[in-house]
Amino acid sequence: MARLPRIADLDAASAGTGFFLCTRKERRTGRGGPFLILVLQDVSGPITAKVLQDVEPNDEQFDAGEFVAVQGRGSLFHQRLELVVERIRRVIPEDADRGFRREDCIPCSPRPVDEMWTELTGWIAAVADPHLRELLCRLVAQNEERLRVWPAARQVHHAYRSGLLEHVLQIMRVVSALAEIYGARKDLLIAGALLHDIGKLQELSYDVAADYTVEGNLLGHITIGAGMVRDAMRAIAGFPRALATEIEHLILSHHGDLELGSPVKPMTVEAFILAAADDLDAKLHQVRRHLAEDSSDGPFTSYQRYLERALYKGVRPRSVDNSS
Amino acid sequence: MARLPRIADLDAASAGTGFFLCTRKERRTGRGGPFLILVLQDVSGPITAKVLQDVEPNDEQFDAGEFVAVQGRGSLFHQRLELVVERIRRVIPEDADRGFRREDCIPCSPRPVDEMWTELTGWIAAVADPHLRELLCRLVAQNEERLRVWPAARQVHHAYRSGLLEHVLQIMRVVSALAEIYGARKDLLIAGALLHDIGKLQELSYDVAADYTVEGNLLGHITIGAGMVRDAMRAIAGFPRALATEIEHLILSHHGDLELGSPVKPMTVEAFILAAADDLDAKLHQVRRHLAEDSSDGPFTSYQRYLERALYKGVRPRSVDNSS
Amino acid sequence: MARLPRIADLDAASAGTGFFLCTRKERRTGRGGPFLILVLQDVSGPITAKVLQDVEPNDEQFDAGEFVAVQGRGSLFHQRLELVVERIRRVIPEDADRGFRREDCIPCSPRPVDEMWTELTGWIAAVADPHLRELLCRLVAQNEERLRVWPAARQVHHAYRSGLLEHVLQIMRVVSALAEIYGARKDLLIAGALLHDIGKLQELSYDVAADYTVEGNLLGHITIGAGMVRDAMRAIAGFPRALATEIEHLILSHHGDLELGSPVKPMTVEAFILAAADDLDAKLHQVRRHLAEDSSDGPFTSYQRYLERALYKGVRPRSVDNSS
Amino acid sequence: MARLPRIADLDAASAGTGFFLCTRKERRTGRGGPFLILVLQDVSGPITAKVLQDVEPNDEQFDAGEFVAVQGRGSLFHQRLELVVERIRRVIPEDADRGFRREDCIPCSPRPVDEMWTELTGWIAAVADPHLRELLCRLVAQNEERLRVWPAARQVHHAYRSGLLEHVLQIMRVVSALAEIYGARKDLLIAGALLHDIGKLQELSYDVAADYTVEGNLLGHITIGAGMVRDAMRAIAGFPRALATEIEHLILSHHGDLELGSPVKPMTVEAFILAAADDLDAKLHQVRRHLAEDSSDGPFTSYQRYLERALYKGVRPRSVDNSS
Amino acid sequence: MARLPRIADLDAASAGTGFFLCTRKERRTGRGGPFLILVLQDVSGPITAKVLQDVEPNDEQFDAGEFVAVQGRGSLFHQRLELVVERIRRVIPEDADRGFRREDCIPCSPRPVDEMWTELTGWIAAVADPHLRELLCRLVAQNEERLRVWPAARQVHHAYRSGLLEHVLQIMRVVSALAEIYGARKDLLIAGALLHDIGKLQELSYDVAADYTVEGNLLGHITIGAGMVRDAMRAIAGFPRALATEIEHLILSHHGDLELGSPVKPMTVEAFILAAADDLDAKLHQVRRHLAEDSSDGPFTSYQRYLERALYKGVRPRSVDNSS
Amino acid sequence: MARLPRIADLDAASAGTGFFLCTRKERRTGRGGPFLILVLQDVSGPITAKVLQDVEPNDEQFDAGEFVAVQGRGSLFHQRLELVVERIRRVIPEDADRGFRREDCIPCSPRPVDEMWTELTGWIAAVADPHLRELLCRLVAQNEERLRVWPAARQVHHAYRSGLLEHVLQIMRVVSALAEIYGARKDLLIAGALLHDIGKLQELSYDVAADYTVEGNLLGHITIGAGMVRDAMRAIAGFPRALATEIEHLILSHHGDLELGSPVKPMTVEAFILAAADDLDAKLHQVRRHLAEDSSDGPFTSYQRYLERALYKGVRPRSVDNSS
C-alpha cells in the first residue's frame, strides 16, 4: 500500500499509510453509534482525523499521547483538509523496520538544532561586557536541555520543537543589525534577545506538545523570566545594579505596551528596538506559515485571525526557513 | 501679625504668617524683572505661591527642600487659590518658640500612625495559616520603618505620609467583609491586602515628598513587589509552592486588567475580590478628597480629571478620614 | 432501569431515565433522514440533547415547553457533554408516582426563597429614613409575586428562578459592610441594592424560562426601573425631591460607565459603591458557576467568554451557594 | 467716542464703547496689585476681557450677571482676541437712550423666534396620527415658554437663545426628507425630532446663560425627556402602548450608541434615521460656526477640538444661518 | 412535480423542482461515504444546499459556476433553512421551455435597471457646473457597462446585480435634500454621490457573483476610485484645481474616519454630508434586508452581526425596495 | 559683547548677541502696555522669546519670516527655557562680517546633505530589477531639488531641513538588513523605503519652515505619494502590472493600520517589514531628540507626549546623528 505524504503535503486525493503522534482523541456518539475524532501530527504540522468505521476495534488499539500507525485518505470538510482513518493502532517495535522514526512525528523547526546551538554560542561569545557574557553563559548552561527543544508558544508562532531557539536567533540577527544602524548598545540587545522569552521555559510544559503550567497561567512568562534573570544576576558577584535594572526592563517591556501584557512601556533605545524586533519576527513567522499552509484558490490566502487579514500570495516568498 | 490658617482652610481673604515646606522654587523673568514661583505645603496639602516683590532679597533667604517662614495673603488665579508671598526665609531654631513643628508641614494621613500600626498587627495576628502569618510578620518586620510612613502614590490617591498604611487597612476591612459574604479564603485576602502594593516601598523614594526611583520607573511596583514577596516566601522553610504561586498571582493581577498594568488578569475568587477592593478604595479616596478640596460654587464640584467627571456635593459625605 | 443523575452531575458514563423541562426542539434533516436536537433542563441547569433513532415516534410524543420523561445516556461532543435520547414523551399524571416534581425541572437559586424573603424584609425594616422605608415597602408589596421568583438575567449570571432576589441580597450584604467601612449613607445604599435592577421585572418575561419583552429590548431595565421608582416616589406625600433624584441617579449609574449602558456615571460616594458591588457580585457569580460546571481536565477551566479568561481550579472555592 | 463693533466683528484695532452682559468676574493678584478677568457677551457671542488699570474703582461698579457699559479696545493674546477694558460700570436706565437693549447682549439664534414658532406649529399640524398630534400639541403647550428661548446646549452646538428650537426645526426638515426617500413613518420621525432633546428643558437652567441643573447632571436629558414624554402619553386616553414604546425608544436611542450616552441602540428604521439626523445637524452646526468664528490665516481653520480636526475654508459656505 | 418557490420564500415544508445558479460546490467524506455541500442562488438571494443521497451520479452532473436544475425540499439546520437536494444536473437548452431564465437565478436589485439609469442621467443633466457635468458624463460613458450591473459590495449591503447603482441613486436623493436644507453645494454633492464608490468597479470582479480583485485587496476602492477620478479630471481642459482637490477629498473621506478606512477625515460641509448619507444608506439597507429575511419568531429579529444588535419587527417597514 | 551659544546649548545664565530666524511674532497687551512674543530658531532648533522693554522701537525693526540680530538673555518659565530679548532688528548685509550665515539659522539634519545624496544614489544603483531602478532614478531626478532639503514632517520627527532624506536612508539601511535576515525581496523594500513618504514633497510646503498645503491637508501624503508613483510607473514602458500594484500597496499600507491613516493593512512580507521599519525609525528619532533636548533633572526626562511616557537617561545614547 502507498505511503501517505507528510501532513503538510496531504491533499484530498492522498491515500495510504503513515506514522503520526496522536495528541487528542475524543469519542462522540452519532446516529449510527460512536465515532472518534483525533488530532494527528508529524514533523510538518497537525491535522484533524476521524475514525468513522470499525470504531470499537480501532478505539482499543491506541490512546492519546501515543505514536500511531494509520491507514486512511484525505478529505475536505468546510474547505479544510482532514484525514479519514480506516485503520489505526499504536506503534510497535517492528515499525522501526517499516520506517517509523519518533522525530518524524513531532513538529519541529526547519533549522537543525545543532546548527542553531552553534550560532547561539557564537553570539554569546561575541558579547564584550564580561558581566553580561557571564549572565548569558550561566543561564544557557542551566537551561540547555530545555532551550534546545522548547517551542516559542503553544500556538500562534514558532509553536514547535526548537521554535524558541529559532525565534531567539532571528531576533539576535535583527537587533544586531539595528544596533549597528542606530548606534545602540549591542551587548544589551543580544542579552535582551536571548532573555526576553526565557520565562517560557517555565510558562510552558513540553514533551511532545506544549501546554501552560500553573505558574505560566497565573504569573505569565514575562514575570517568570524577569525573576529567573534577576536571580541569575544576583548570583554574579559585582553585577552592576544599573545594568541589572536595564536588563530586567528589557524583559518586562518587550511586548511594547500595557494592553499587550507588559507591565511597563519601553523607556530606553534598546527596549524600543527589542520590542519592535520581537513583534516583527512573530508577525513574519505567522505570515510565512499561513502562506505555506494555506490551500485556498486565488491570489489571496484565507483570513488569518491573529493578523486579522488575508495575505497576498502573488509573488511567493522564498521559503519558510528564512534562509536567504 | 495674624497667623495664616492651614493650607486646606486658606481663602482669598487670608493674610498673615505661617510655616511651610517649600518643595519647588523656580525663578522666572517678567516685564518688571524676575519673580519666584513656589510650591509650599503643610500637613493639610500643597499650594502654589508667588514672590512678586523684593524678589532678590527674598530669593537669597531659602532653597527648595527647606522649611520656610512666610508672610503673605491668599489670592485667586483662574479660580484657583494661591498664596502671594511678601516675605520668606528658611526656618531657624528660634522658630520652634514661634510654633514651628516639622510634622505640621508635611501632608499626612488623618489617622494617627500608631493607631494604624496597632490595627495592622491585629489583622496579621488573626491570620490562621502559619506560613502566611510568618510571611506577613517577616515582611512587616523587615519594612517597618518605611511601611509606617510611606505614601501610597506620588499623586492621585493617598499621596501623603502614611497613606500606604491607611490604604492597606481600608482594603483589609473591605476584603475581610467580602470574604465573609462570599465564603472566600480570608487569610489569602488579608495577605493580598498587605502585600499588593508593597513594591511601592521601592518604587517610590520618600523623604518629605515622593518621587519615582529608577527601579520604580523601569520595573514598576507590581513587579518589584512580586519579587520582594517571592524572595520572602523562599526564605520560609516549607512554604507551600501552590500557595506561593497564588500569593504572587494576587499581587500581579491586582490592577484587574492588562491595560491597567497587570501582566495577568485575576483568575481566582480572591484575585477578583482584591482587585475590586483596591479599585474602589482608590476611587473613593479621590472622591472624598475632591469633595473636601473643591472650592467651586454650586451643587457640583469642578471636573476631576482622573475620575473624568464632576461630583455631586448635595449631601456631603461625613468626612475624609473614612471613620464611620 | 437506573435513574439519571441531575444534569450538573451527568457524565459520559451516565445512562438511565429522568424528568426534564424541554425548552427547545428543532427538527433537522441528515443523510439518514430527520433527527431532533433539544435543550433539556432540570434544577441544576441545562444540557443539549439529541434524538437520533426512532425519530418519528419520539417526535410525536412531546413539544417544546413541556415537561418530559426521557431514557438516554451521556456522550461527549467537542469536549462538551450532551445527552443522547433513546425514548422521550411528555410527562403524565402517573409520573408523580415515579418521582416527577415540576420544581425539580426548573433551574433555581440554591437558597430557599422563603429564607431569602425573610432576609429581605429584615433589611427593609432596618432602614431608618421613613420615606425610603415606605418606598421600599410599597415597591416590594406591589411586586412581591415577581420579586420572589424572577431571574436576574436571561443568561450570564443568576439566570434562574429567584436569581434576582439572591443577587439583591448579596449586594445588600456588600453595601452594608462598605457603608460601615466608608461612612456612607447605608439607607441610600440598601435602597439602591433593592431597586437597581427592579426594571428587570418588566425587562424580562419569565415563566419557566426568561426572555426579553418588547419594552425590555427597546427601553432597557435601567430606564424602566428608574421610571417605576420615580412613579412610586411621586405617590409618597412629602418624599424629598433631592433624595428622589439621588435614588434615581443610583439606578441610572449602576452599570458604572456609559459604554456599559448607564446614561450617566456615578457622581456620589454611594453610586460608586453600588456600581462596584453590582459588578463584583455579577463577576463572582460567573466565576463560581464556571468553576462548578466546568468539566475540563487539569488545574484550569475552559475559557469563560464573558470574563474573557480561564479560571484557576487549584484550590476549590467552598460552594456555589456562597454560604460561608 | 466711537462705538465698539459687536463681538463677532471685533479686531485688534477696535476701540470705543459698548454694552455687554458680564457672565464671569474674577479678581487676581499680580505683581502690580490686583486686576480683573471677565467674560463679556453680546448677541454675537462671548469674549474674554481684562481690567488692568483703575482696578479698584472699576471693580466697585458692577458684578457678574449684570449688563455693563464698557470702554475698551481689542488686543491679541496667544493669537486669540480679547478686550482690554479701561472703564466699566453697570447699565443704568439712561443707557436706553444711548442705545442699550437687553436683547442685544444675549447670544441668540440667527432665525427670528416667531418665524421658527410658526414653522414648528406647521409641522405639528401636518402630523396625521391623532395620538401623536395630540401628544405634540400638549407638550408644546405645556413647555412653550421654555421651548421658544432655550439653548440646545451649554456649549458645543446651538448654545444660544432659541438654539434648541432652531436645532429641532433643522432635524424636522431632514427627517421629513429622509422619510420620503426611505419610506419611513414620517409622523413618528417628526415626533422624534421634536421630543428627542425635550429633556434639555429640565437638564439646563437658562436665564441669560445656560448651566446644568442638579437633575440635569445626575439624570441627564435623555432620561428626563423620556420621563416627560411617558407622563404625557399616559395622560392621553387610548394612546397605543406599542406606539408609546417606540416613541420612548426614539428618545432613548437618539445618541446612536452606548458610549455616547444612549442606554439602548437604535432598533427601528426611524431610530436609525433620527440618530443620524441629530448627529449630522450637531456636527454641521459646529462646522459652520467654527468657519464663521475662526480668525486664523490661510485656507484652513485652527483645530476644532470637538470635531478633532481643522476645517477647509477654501470655498466658504454661504452663511451660518443655513438659509439656502 | 411542484415548482419550488423562490429562495426568499422557501420554508421547511417546501418541496419540488427549481432552477438556480450554483456558486460553490464542495465534496466531504462522512461516515457513509462522501456527500456534497453547495451554495445555490436565485434572484431573491442565496441558500446552503446538501446532496446526501446518490452522491456520485449527482456529482457528475454539474460544476460550481453553472446554472442547475434541482429537485429537493426545505429543512432546518441550527434554526437556519437549507435545501436538501435529491437530484441535480446542469441546465440544458430544453430547460428554457420549462421556465429557466438566466436572470431569474442571479440576485438583483428590486429596481429595474433601465428606470435607474434614466434617473441617473437626469441627476447628471441637472448639474449646473460645466466641469463637473462633463466629468460625470465622461466617467459614466466610460464605465456604463459596469455601472449598470455592478454590486455595491461582496456582501454586507447592496450585494447584488445593480446594487451599486441603486445605492448611488439613494445617496443622490439624500444629499440633494440635505444640500437644500443646509445650503451646501449641490453639484459637488451629486458628483460625490456618483463617484464615492466608483473604485468598486475595479475593486470587485463580477460576473454572476462578486469577488475582490488583486488591486481591490491591495489598494482598496477608495484609493482606486480617487485615482480614476483624478485621471478623468486631468483629461478635462481647464478643470479647476481647487475643485479637483475637493472632489478627491470627498472620495477619500467618505468613510468618515480613519479606522473605517478613509485616509483623511471630512473637512468640508459637503464631505460631512456625503459621509453621513453613505453611512445611513448602508445601515438602512442592512436593516431592511435583515427584517425581510429574518425568519425568527417574536417581535425581534435574530442578532445582525454587522449592526451588532437585533432589530424590532413590531411595525414592519413598507418594503425592501425603498419606494415610498 | 558676548556671543549667545546656539539655541540647543542656551541656559538661564546665557547672555549676549546672536542671529536667528524669526518664525512667529505676536503683539499682546498687558498691564504695562504691549509686549511681543516671538519664536526664534537656529540650526539647532526653536525657542520662545519675548520683547518686554522698548517694545515700540523694537517692534518696528523686523517682521516674522525674517532673519534677525538679537541681544538678550536666557530665562526659565514653567521650567522651560526662553529668551528675553533686549534689542532686535532685521539682519543687514553688514552682518555677514559679524558672522551671520543664513544656513546657521535654519534647523537642519546633522548629516551633510551631499554625503546623504551620495548614499542615496548608491542604494538606487544597487537595485537589480531594471524597472524598479528606472522608476527610482526617474522620481529622484524629477524631485531632486525638494528631496535634498525637505523635512519629514512639520513637527514630531525629522522636522528640519533634509530630514526626509535622512529618514529615508535610515529606513533603507534597516530594510536592507531585514531583507537579508528574512529572505525578503530587497529591491522592493529599497523602493518602498524611498517612495513611502514621497507624497510629503507635495503634502508639505517648505521654505524655511514646513506647513501643510491644501492638497496635503485634504488628500494626505499617502494618497498623494501613491498617485505620484503610479503616474511614474505608467510612464515606463513595460512596467509589470503586478509589480506596480505591490509598490503602490507598500506606500498605501506603510502606516501599518487603518486608524493610523493607511487605507489598507500590510498584506505582503515586504509591507510588514516596511511598516515596522518606518514606525521604529520615527520612534527612535523622537527618543533620541527628546533625550538630547530634555533639560530636566534626574535620571528620567520629562513626559514626551507623542510617545506617552518619560524616557530613561541613565546610560546616554551615543549621539543624535545615529552614527555608530
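Chains: A, B, C, D, E and F, in written order; residue numbering restarts at 1 for each.
What we mean here is this: a contact is a pair of C-beta atoms (placed from the backbone, for glycine too) under 8 Å apart; a residue touches a chain by one contact, two chains touch by 3 or more.
Computed from a predicted model, the values in this text were never measured in an experiment.
Spell out the chains that contact chain C while also contacting chain E.
Under the touch definition, chain C and chain E have A, D as mutual neighbours.
So which chains count as neighbours of both chain A and chain E?
C, F
Please report how far chain B has to rotate so that its Cα atoms sit on those of chain D, a copy of the same sequence, as a value between 0 and 180° in steps of 5.
Angle of the fitting rotation, chain B to chain D: 120 degrees.
Compare the contact pairs of C-E with each of D-E, A-E or E-F and report the one sharing over half of them by residue number.
A-E
If I rank A-B and B-F by number of C-beta contact pairs, which comes first?
Result: the pair with more contacts is A-B.
Among the chains, which one keeps its Cα centre farthest from the Cα centre of chain A?
D
So, what's the distance in Å between the C-alpha centres of chain F and chain D?
43
Suppose each chain is reduced to the average of its Cα coordinates; what separation in Å results between chain B and chain E?
61
List, in ascending order, every residue of chain E touching at least 2 other chains.
In chain E, the residues touching two or more other chains are 30, 32, 214, 217-218, 242, 246, 249, 267, 300, 310, 312, 314.
Chain adjacency by touch: line, ring, star, complete or other shape?
The chain contacts form none of line, ring, star or complete graph.
Name the touching chain pairs, please: which are they?
Applying the touch rule to all chain pairs gives A-B, A-C, A-E, A-F, B-C, B-D, B-F, C-D, C-E, D-E, D-F, E-F.
For a test of understanding, state which residues of chain F touch chain A in their complex under the given definition.
Interface residues on the chain F side: 170, 173-174, 177-185, 242, 246, 249, 265, 267-269, 272-273, 276, 279-280, 283-284, 287-288, 300, 308-312, 314-315, 317-319, 322-324.
Would you pull the chain D residues touching chain C in the complex into a rising list?
214-215, 217-220, 222-223, 226-227, 230, 242, 245-246, 248-249, 252, 258-264, 267
Mind listing the chain C positions that touch chain A in their complex?
That would be residues 12, 30, 32, 35, 52-53, 75-79, 84, 298-300, 310, 312, 314 of chain C.
Please output the residues of chain A touching chain C within their complex, sorted ascending.
By the definition above, chain A touches chain C via 26-32, 34, 211-212, 214, 217-218.
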